[in-house]
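Okay, handing you the structure first.
Labels run A, B and C following the written order; every chain starts at residue 1.
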Amino acid sequence: MSRGTKQKLAFALLTAAAVVVVVPVLLVAGYIIWRGAGAISLEFLLSAPRHGLREGGIFPAAIGTVILTLGTAIVALPLGVGAAIYLSEYARDDLLTRLIRMAIINLAGIPSVVYGLFGLGLFVLFLRCGTSILAGSLTLGLLTLPVVISTAEEAIRAVPQSFRVVSVSLGGTKWQTIRHLVLPNALPGIITGVILGLERAAGETAPILFTVAAVYLPRLPRSVFDQTMALPYHLFVISTQVPGMPMTLQFGTALVLLAFVLSLNAAATIIRSHFRRRRSW
Amino acid sequence: MVTGAMPPASLQPPPEGTCDAMTTTAVPSKIRVENVSFAYSNAEALRGVSLDVYPHEVTVLFGPARSGKTTLLRLLNRLTDLLEGTRRSGRIYLDGQDIFAPDVDVAELRRRVGMVFAMPIPLPMSIRANLTYGLQLKGVRDRALLEARVESALRAAALWDEVKDRLEDPASSLSGGQQQRLCLARILALEPEVILLDNPTSGLDPISTSKVEASLHELKQRYTIIAVPHSVQQAARIADRAAFMLGGEVIEVGTAREIFTRPRDPRTRDYVEGRFG
Amino acid sequence: MAIEQQAATHAVPVARRRRLRGETAAEALVRLSGISVIIFVVLVFVFLAREGIPAFFEVEVGNLLGTRWYPTVGRYGLLPLVTGSLLVTAGAVLISVPLGLAAAIYMHELAPAWLREILKPLIEILAGIPSVVLGFLGMIAVAPLLREHLNMPTGLSAFAGSVMLAYMALPTIISVSDDAIDAVPRSYRDASLALGANHWQTVCHAVVPAARSGIVVAVMLGIGRAIGETMAVLMVTGNAARMPDGLSALFQPVRTMTATIAAEMGEVANGSVHYHVLFAIGIVLFLITFLVNLLASVLMLRRGTRRDQLLE
């Protein structure tokens, strides 16, 4: 085989690989939309499941996912941004910093089901939060923390050093400089990072299995100590535990979950590109 | 040295007597640099520098690149604090107060001694916000006062007429020369006592350069100015007093006339006459 | 002297003192947030240990190392779960590494810019699809396909799990490989082309070898991702806790460590032996992923790559 033929063959294989990677993504999205769109109606979105989940809608699960996503943000945002500020503005190259960095890498690698165990052990049982929105949000917040820290740190480091020097030379203290100059300019990047973290948290099932998720709870939660339904867990339950479950409802649930998660992704992308275009440095 | 042994000085009246005794003129020095040595973590930058700077004069620091001019300016408002692993000895007095004394309010020092950098660095905000930034950090909330300072600072920096109708535009939309004058105005809005100018005309066209130079003559009526010029010619045009620096040392200090017409040190003479550097 | 010092301290204006205090408080707070990350890792370990270590006292080692997982009759053999996880993960790596590397090379070397702009978001979408959705589709669509075309009794098998995991690991593998290829100095490429090699030979003999360590990192991270994945695996592997017997096991139902925890934790009594053993499995998972990620990060830091890639 000549060099040229070999190259042609190799490139054909590479192209095929890219097709094999990407086409299923389109198929997955297309298939879910195709089979699920029929289920989508106001009734489906705004009513609770009935008759052993086989009828009705997904309202409590959808609201539960929104609540858990907000709860995750409340936990991960301050901690994540705080840690990112520490790492980018204060940390020296010392043992503590290296330990923190190792801890972040470690946290990022912990399997989501292990987060679930941890949440059960610490929040649900030891701290007596019970199976609750509080325990679930804390668990998901920790899971999200590494993504938030790393993207926030990157955004903060992207603010040119010269701005900091100018701010200090105008009589700004270190914290004033961070507060009034660095953070406002890093904000779009930070928000992007947080949303990407939430995107992951919103779709997770394993961490909420034992910390917050309810199989069936037709009313909305009343406090952070309540359980709640959630879309990912609801999809798991209706697709594996409920015999005779109508397919449209399953696909409809999958579609809503996918749409929610991907709209978070889209929001992050839009914010990122919008501010990239606008910023002057 | 008497001053060296003084306690932290913020409560003390400026020890003018001590200063007077050492200076040649009757006017007390605004800034006194006393035997200062400084090293970055990886390089020595200043060795035994002593210098007196007098109010209402333009003092010029000139010399070849890497001779320590920028480093000396950075020390005067303690921007060197931002770096790690530096070593410093000697003392610097502002109005007789040791600026490195432990009880000195560094932020206040930097408002009193303002710095314009070689490159214009507008903050990523509006023209107006650039001017009020320092005041707001200081805690000034009074809108009328802020407005008044914006206008007076822009006027003093000869920028008012060009930007008065577009104060909300991003500062980055200004031309390079305008940006540099904005940086000057940003300092002036804080009503400092000393202005440090590190090669402020380096990137500017001749017209902007002469505007900046012209404004110096106005400014020194109110402020003490220390400037690093971008050429010997510019040094001669703007200086009342000049210090020639070489290899981290001040070789010779004197009035502009002395330094540029009959320098005593041969190295100064060579540099002024363009024979090296 | 001492008195003067004190006087000086008192003379510090109130506003400045307040600012100084704010300054110290702010630094303390952000430092605490940083340190909290270390604390969380320690807490995760402590609470896994607290609930899991008792298992090693309550269940004999021989039982734990056994090949039978029947908690209802007191058989807690972890081997079928561990081998199940390894089998599914190995399958996933065998699929996703060549595929991901090839796709990364394609995107980097062959795809025109406009196509790259389409491919990248698609891969991001793939990374964003919740694992429960992939598991659902795997159950509904992939498993039946496998059953028909591979003539299996049920499509729910280790292989189905591997396919799911492969796709979940692909975004990580592609993005890290892409960065590794990107980091290969131009001069390598130019030197190869100057020696008369064609594009493919250059990619094959100059670019990929130079990016090798980065690609190894991609593989490690892919493994870390795959071994910890839960929902998709739980839904498509058929969940039979049995020892794999040879290659054919790939096409039979298996059960992974993660799936076991997810499936059984809801049904056990807190503090029971079964409960403790499930936490013990969590410890094993924690340690495996810790080692894999540590290795990846050491390799990555040695290459001087940006560490944030680790987290994607």
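Keep this in mind: contacts are C-beta pairs under 8 Å (C-beta built on N, C-alpha and C of every residue); 3 or more make two chains touch, one makes a residue touch a chain.
Bear in mind that the values here come from a model prediction, so they are computed numbers and not experimental data.
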Chain whose Cα mean lies nearest the overall Cα mean: A
Taking each chain's C-alpha mean as its centre, the one farthest from chain A: B
Separation of chain A from chain C, taking each centre as the mean of its C-alpha atoms, in whole Å: 16
Distance from chain C to chain B - Cα centre to Cα centre, in angstrom: 55
Computed distance of Cα centres, chain B from chain A, in Å: 50
Per-residue overlap in chain B, given as positions that touch at least 2 other chains: 107-108
Contacts with 2+ other chains: residues of chain A: 173
Residue list for chain C, restricted to those that touch at least two other chains: 19
Sites on chain A touched by chain C in the complex: 3-4, 6-7, 10-11, 13-15, 17-18, 20-22, 24-26, 28-29, 31-32, 78-83, 85-87, 89-91, 96-97, 99-118, 120-122, 125-126, 142, 145-147, 149-151, 153-154, 173-175, 178-179, 199-200, 202-206, 209-210, 232-233, 235-236, 239-240, 247, 250, 254, 257-258, 261-262, 265, 269
Chain C residues touching chain A - in the complex, by the definition given at the top: 19, 22-23, 26-27, 29-38, 40-41, 43-44, 47-48, 50-51, 98-100, 102-103, 105-107, 109-111, 119, 121-126, 128-137, 139-141, 167, 170, 174, 198-201, 204, 224, 227-231, 235, 258, 261-262, 265-266, 270, 278-279, 282, 285-286, 289-290, 292-294, 297, 307-308, 310-311
Chain B residues touching chain A - in the complex, by the definition given at the top: 77, 79, 82, 84, 107-108, 110-111, 114-115, 117, 119, 121, 123-124, 133-134, 136-138, 170, 172, 183, 186-187, 190
Residues of chain A that touch chain B when the two form their complex: 92, 162-173, 176, 180-181, 185, 279-281
